[in-house]
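Each of the next two complexes has subunit A plus one more chain, namely subunit B in the first and subunit C in the second.
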Partner chain A sequence: MNAPGIGATRYIGQRVPRKEDPRLLTGRGQFVDDITLPGMLHVAFARSPIARGKILSIDTAAALELPGVHAIYTNTELAAIKVEMLSFYLTPPTVPITPLANGSVAYVGDPIALVIADDRYIAEDAASLIEIQYEEEDPVVTISDAKTGAPVHAGTDNNIAAIMGVEEPDEDLEAILHSAPCLVTHRVTHQRIAQSPMETRGVIVTREGAEELTLYITCQSPHMIARYVSLALGLPDTSIRVIAKDVGGSFGLKNHPWREEMSVIIAGLLFGRPLKWIEDRVENLTSANQAREQEFLVRTAFDANGRLIASHGDYSVNNGAYPQGADCNIAVHMFMWAAYKMPAYAFLTRGWYSNTVGLAAYRGPWAMESLARETALDIAARRLGLEPIELRRRNLVTLTDQPLTTPFGIPLGDITPAECLEKLLETLDVAAFRVEQAEARKQGRYLGLGVAAYIEPTGSAGSIATMTGELAQLRIEPTGKVTATMSTHSQGHGTQTTMAQIIAEKLGVAYEDVTVFEGDSSRGGFSPGAAGSRQGVIAGGATIKASELLAEKVKTLASHLFNAPVESITIENGMVHIAGAKEMTRSLRAIAEIAYGEPARLPPGFEAGLEAQYRYTPPPMTFTSAAHACIVEVDTDTGFVKIQRWISCEDCGTIINPAVVEGQIAGGLAQAIGTVLLEEMSFDARGNPTAVTYKDYLLPSISDIPDFEYLHACTPSQSVGGIRGVGEGGAIIGPPTLVNAIADALAPFGEVPVELPLTPVKLLGVIEGRSLAHKAPEPVAVAAAAPLPAAAPPAPPPSAPSSAAADGMWKMILSTPMGPQEMKGQFITNGTLLTGTLFSDVGDQEFEGSITGNSLKWDLKVKKPISLTLKYDVQIDGDNLTGKVKMGFFGNAKLTGERLP
Partner chain B sequence: MKAAPFDYQAPGSIEEACALLADAGGGASVLAGGQTLMPLLALRMSQPFVLLDINKIPTLQGVSRIEGATRIGPMTRQCEALTNDTLAGRLPVLVQALSHVGHHQTRNRGTIGGSIALGEPAAEMPATAVALGAVIEARSVRGVRRIAAEDFYLGPYMTVLEPDELVTAIDYPDWPAGHVTIFREVAQRPGDFALVGLVGALVLESGKITRAGLAWFGMGPTPVKARQAEAALLGQNLDGLDIEGLAALAIADTAPFDDHHATAEYRRTVGRRIFSRTLREALGRKEAA
Partner chain C sequence: MSNHDIELTINGRRFAGSVEARKTLSDFLRIDAGYTGVHVGCEHGVCGACTVIVDGRAVRSCLMLAVQVNGAEVKTVEGLAAPDGTLHPAQQALRDEHGLQCGFCTPGVLMTMAVLTAGNAKPSEESLLAALSGHICRCTGYQGIRRAVKRLAGENL
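After this line comes the complex of A and B, so read on.
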């Protein structure tokens, strides 16, 4: 497979051996725990054994007496250094977050004190000697607790962490749904998932020099860590060096440092000696941020021919106590029907605080949309008597339908889920399977076929502050070998391989002669690293551009040296050739030696050396499409699922290395299989986690994963190089594919409720037609609390309304899908006429609107990240303002503000 | 997690080990293969004062023949037992069950005696010992006791072993050549503890069942001997077997519970199903042979 414009390729599209593998497979990788620094001490945490309560006292006296203990810090001691915890968007969190518990605990595992000792054994001995007294309170554990329970956070009046969409039913939409020939009401429950990187979290902090701080930390981007720590601690990032050579997986957890890492960093600054903390597996399963606990009620209407008419979604996600960004997962709704011809969709989406460990991103954070949609489509197909594939054919957006813009304002030009599905069907004989399935059923064997299709946004840049372009810095060294310093970072992604393939290809050198450096914030430039399936797309483009610039430089110099036209010069396998003059062929080394060492021979104005760099920012979104199929057999004696076959057909554009692409898909599918069949992070009614080791938290093992079959569609994208991201897809499309296969197998017994994981207990219950579930649990004790006030904040009492009360400068915070956005607004009123300006990071915007009493209304058109009209509706009460902003299909966002002096 | 402090002792003989256990006054944990104990130590769920490592006692290892029985030394590694010819010939169901104990890697360290002495109710080795009528030899400075496997288990991880006693042998009585083996395990992943497990042996003479040993694992607080089903099977002709009725009897002796992985009702339902399926298959295999 060739990248466009490259012609015959030697490296792009090839399964070259990974450069990372020799060191990783021979135990010579460098992970955080491999580092030992002189004078280094070890950290362990004392953590809360209860889910919610006030801390009455902390007695460290006995622990401090233990030989080998150097210091014990609580939040009181850490407060000597000011820290501002930040969300994923680098915005302030919506509730106050301290590194260690500040007077109260909010989940089991909440870190309370930090012990510094000679070794980890002593640190743990000491942690167990710290005496902490609590006044225990009733915890809010589940989403349903959160809806009715007492607020988790002081100073709030409910547990809503984030909310978007419309709370009041849309009468028109309801009428369409209720009058439709086929209405599928589908409730999907997704369990909580523990992020399970092979390398748990860990950090080593050391002060080097007066203002210098060096961190060895397992992360998704050393540059992102440096930026976060710089902002959180108010240190210049020039003084922070972050090193993360090899990382054993992340999946979203390590996007940025969180409470434990920041505690250790602050403790290191205070104590002065190098400190190491390695999260153990129990800590990882209880205190590392988790993901996915969601409920989604989707109602979808079809006409008699199976064409989509309208849909409504009511979505909730458990944010835990301290999410890495309060979130209501707006992306679920943006991509819910993006690849389908869906005339009308409305939603309500909410994130809820609870007394559980916080939420973090996890591979395909919005994956719930594919699960809910694709399983709903199969239910509809069964009801309508259609083959699920046929139902998709009638509704998927095809290439011939494009370009088009989705109701959310997302422009689609080249998505190919329908084409991927057709390509998949060239390999999968559905008719033959249906015959086999019918025969098997006669023998009491239950086979099922599941199919799903989806699109995902990849390589996003320019929409969120942290999502930037990528930087490639290339050098042909005086030795003639090529080194690249990249902004990329690998947690197993193989960027040292794929970027080297691109360089070898585009520069005309041997793959073996290219070395890629990453994993150190003192090298390369900023990027968020691995997040949002972006590195292939963006760093791939940057590397292509930088390679082209460098090749041009070589050619310019060779042209001058040999007095030959630039067009006649080619670089192949590290040799510079001049067309028609074989005797003039020189090695890159010979050219490089001149470029670096003989300035007198360089052309006028030629910068010495052979170096080039390029920072590439791609189009805002590059879509990857896929269709998957899976065949299972369900054992009706035990409810066990055996996966017999799994075919993936993805379109990730130009493929740099098929083995890397297939590795990404396989890894995502392994997580999908774990999600559907095995993994479950659960809590009892008191908020105690009930799966704290891998004996109870069941990850899929190699024997649970089938050999996947891969088909590649390869429609080049609009980005430089035509690459599309592929990091998350397997984890997004895998769950519905497998659930649909199980539901198809068990269709003779009735519908399978989509309550993940589909354990043997649940599936045997469907087969038996009776519940085999646990006896009803004791009623959950939830703190007595007033029920939530119904919708909309109460209108403030009119306090002598006067239009003039609005005039002046206001500071406002808008709760958007990308986190809280701060801005300033200037209002000028003239009778009922309102004029003003909003000042924010994206620039100044003027507007006109109206004022009635103390109610202000105005509209604002924005172009970025997508075209949208924002309708502001604001009430002023003295020096405060509250209100909402209707953001098109995104629904409503909350606005609060205060008058500036 | 790191273990809490403990003293480490590694005796070279059974006598020395028994003396150290007596000295420890109940504060010792015996380290055999360590596949369960080491994680428990690391989790600080087990905090012994003394860790008594019996890996250096050669007389605790190996398989031998004694009068009417096969003797397995408790420190015999599971991987060694899996490839032992005597066991393959004499106790085929034990070998079959062993292949479900943990994983290839854990069986390299894990021992037969360690698994039996630990008493995990969902593990294969305790139930196999109960089903086959094994006798467990325990020694202390006070003397030697021989305990029937079916009397050995009191509850999850609880046995009749006194704190000063060491398991020194497991004796499996002979089953005649050609006996019928019964084994079925339902576990979420290969190597996991069973949600439901059944193990046993039957002896057929002229179409009649003359001896039966059956036990469940994962079906109660201890391995559960299916006494009622065993009794009902004795003297029965293969032709007239009421397999569904036997399954119901076999389930009647169990006491499964709800846990993180499955419910009691699931275990009973699946137990009944796999009992029938496994018995049919085992007897069918016998008839075809």
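After this line comes the complex of A and C, so read on.
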């Protein structure tokens, strides 16, 4: 709703043309590779051709002789500048990570040396002249290799990168599962995905003296890059400016710099001339972090009427060698049954290290929950003889069930997946489709209908250090035009458009008169940018609040200038009107010229100028709901899938621009279709990637994607403006919708194993009742145990067990669902009594507990992100401690620590 | 490595350069001539982002060498709009139909559309879609591009 007296023209909800398009359509965008700086040199990397091994020697002599080569750096040279490779949560890594390989390589493509040369051609020539000798070792490639193979990282006991949940079976839950009238045991295998932004990674670094550093980098937020680089390099005294005007897509890949970008930045600091690195596509497909390689075994019990009774999930995700934050994807379990009436759910969730390129984010990182749940529900429906829609009606949380709190402690107040499903069914005649399907089958044509429903947390803020609010800074310039500097960032999201729409409507000015600036860390304030479907919700709210503040300022000034009551003043289309006094109508420019230039005419205490800013922090989570349906025909001669119809019904609250919303849904769905039918980043048994070009890694083309139909439910959220996020939904709900349609089409032949991608060969296997897929190569014989590094220091002698061994100050890292949390703990023992204090970013907390020998136990109640009692169980071994913390429904989290001097 | 002198027309203006034989047309247009609207997405001829018009034909400038365009007329996305700034019908169609998001693949898409609609030709929707299947867009799900295709094919939306 408009505040009274503000602009009559509605822009929110309109398909206005995008502000970004005139430059992008005419080749005037500014992507990182479009920048050229005086004296700039070019970087190329020499990379490992093997997945695992020791580096015996690096000979750069021949490469250095090549004319045009200026320098070659290995990790030895880069080590002159200390760097800590942080996660997205800005926490330190769980295994040592260096920008360039440090004595060994852990995946094919591992960067070993960096060449600085006159141009990229010469740099690549030189990189190929570097001679590197290796002692090759057997790699750990797949999740199953990781479970049994030698540890990828020296000094670790196994390949578990992160673990939560409960390893021991819960006897009560097992009894429920096994005695249920219908138990669906469902194994889902998800292939590895390359995010594949059309613009690859790239960075330009230029050091301007000791105190200034400027980066041009393709990213998801210049502010996030500046924060990351400052902390990773410990450069608090250096002003870091990050510029990224246009970015050619990201989809999670460019959240923060990783090994190559940090190598180039450090090389730039060392070499002192501007350096440019632009990743090529082969590098992008082999060396840029990837996502989604997962296995999920879900067992779900139903009563005879199809109502959910209980479920258990055993989940694994391949973290590769150097993930951007070791991850066991707890969000999969948090949202697995959040929108369903599920009485009991337990899980074990693990992330595994392997000799493959590391794990990064990809649009809807927890999407496996929707794929596993929604496909399991359809299997159950087939077994129970129910229409899949009816099974969902019996189990989905409806608006009348709310408010409620999920077993994970997530409060639900306004989710609408059930309502979206009903709205969808007003457009989709299921009964008519079933008749058509039956007729088609008689003719040997196999049609299928797939339906799925889900909810998604969007606009998250306040629980994770980097997931903050958003800042809007608005000015009415002395010209009367309006400019905004925002913390938002677009990689195609169109925030320069949507934020301008809000400003135009809320301030009462023409859309054409509003300009939004973003893409420069020297403008606006911190935000992580486009991550977690957050900008519409949070920056939208910030923009509304800042516009209201600025409108009030204009009205206060006009009231003073014209001696009229504030209530009588309106701003419409850039003109300030006073009710009943047409002759006193003034342009915003006239008012602004006074506000800036004639201080004597301002009211007492009025700050000169027309500027306002607001940083908005929304509720911790804003939920988006959706139900989708698609109809396919599977050709039983070829195994090809033709998508005939796809209907999306999403509830993303207040819509700022339907074209932008539908663009986000369509883009996500296209990626979903690629995931289900085409894309596959795979490795051979030696860890060699087998899809290294776009001829092997198949992205959907225009002929693979149907026309989508959109229905919008528009239930306003609790955030300012009522907006809900929509960036990731299509990529989350798309895969189960399509898999369910294929499974429905092929139901007469049996169940379709959910092993993505569902290639024609796999589907023909189902149709012909025999596996036609390539027999998987026998797992490589993995050495029973990796030889320990020769230089491993001897373990310190265990200290004598005594309670006093615990006393003192400890640095600890707790692996929580929101990423590793660093804290300090002070322990004081007195006999068996333990007292202490934990010091962390969220504040200091005192506790009491007990000590027995070297074993410490205490409980701690926390309020953030939800109310929980944390049960600490810690063992002290000399100057190190290890333990676990039971965190209610989140299961167990690992704690490690060391004594502080 | 020897250099070769070449002379050509880019967007109606004469341009002379000296290039190594191995230099791709895309690098030449971007780096030597400054037409950074030519976007390089894969450098192996699949994604289509680098498509430019050489003597009236759409080519992937990452797969052509600069020495091969000696004497040719080259058009890049920068030369598509009229000198007064009026957008080319393909540009206008993509703008009106929200046919782009990040805009990285857009120049290539536009050049293919421009070649097929040159001289007020009204190609069939099928032939436009067939040509555009050689362009990868990771953002839009192709919905706006399809609507633009329908317009360029002269169909009522």
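As a convention for this text, the second predicted complex is superposed on the first by the 844 of 901 C-alpha atoms of A that agree within 3 Å, B and C clash if a C-alpha of one lies under 4 Å from a C-alpha of the other, contacts with A are read in each partner's own complex, and residues count from 1 in each chain.
Here, a residue touches a chain if its C-beta (ideal position, glycine included) is under 8 Å from a C-beta of that chain, and two chains touch if they have at least 3 such contacts.
All figures in this text were calculated on a predicted structure; none of them were measured in a lab.
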*Considering only touches as defined above, state whether A:L270 meets subunit B (first), subunit C (second), both or neither.*
neither
*Could you say whether A:M809 touches subunit B, subunit C, both of them, or neither, answering first, second, both or neither?*
neither
_Tell me the contact category for A:T693 with respect to subunit B and subunit C: first, second, both or neither._
both
*asked:* Looking at A:Y121 after the superposition, I want to know if it touches subunit B, subunit C, both of them or none. Which is it: first, second, both, neither?
replied: both
*Give one of first, second, both or neither to describe whether A:A465 is in contact with subunit B, with subunit C, with both, or with none.*
neither
*Touch check for A:E662: first (subunit B), second (subunit C), both, or neither?*
second
*Touching A:L90, do we find subunit B (first), subunit C (second), both, or neither?*
neither
*For A:D34, is the partner it touches subunit B (first), subunit C (second), both, or none of the two (neither)?*
second
*Which of the two, subunit B or subunit C, is in touch with more residues of subunit A?*
C
*Looking at the overlay, what does A:E199 touch: subunit B (first), subunit C (second), both, or neither?*
second
*Where on subunit A do subunit B and subunit C both make contact?*
121, 280-282, 693, 695, 701, 703
_Touching residues on subunit A, where the partner in the complex is subunit B_ = 120-121, 124-125, 128, 280-282, 637-640, 677-678, 680, 682, 690-691, 693, 695-696, 698, 700-701, 703-704, 759-761, 764, 768, 772-775
*asked:* Taking the touch rule as given, give the residues of subunit A at its contact with subunit C in the complex, in rising order.
replied: 15, 17-18, 20-22, 24-29, 31, 33-34, 36, 121, 196-200, 246-249, 251, 280-282, 490-494, 659-660, 662-663, 665-671, 693-695, 699, 701-703, 705, 707-708, 730
*How about subunit C: which of its residues touch subunit A in the complex?*
20, 22-23, 30-31, 35-44, 46-47, 49, 76-78, 80-81, 87, 91, 94-96, 98, 100-107, 110, 129-130, 132-146
*Name, in rising order, each residue of subunit B that touches subunit A in their complex.*
1-5, 39, 43-44, 186, 188-193, 195-196, 258, 260-263, 265-266, 269-270, 273-274, 277
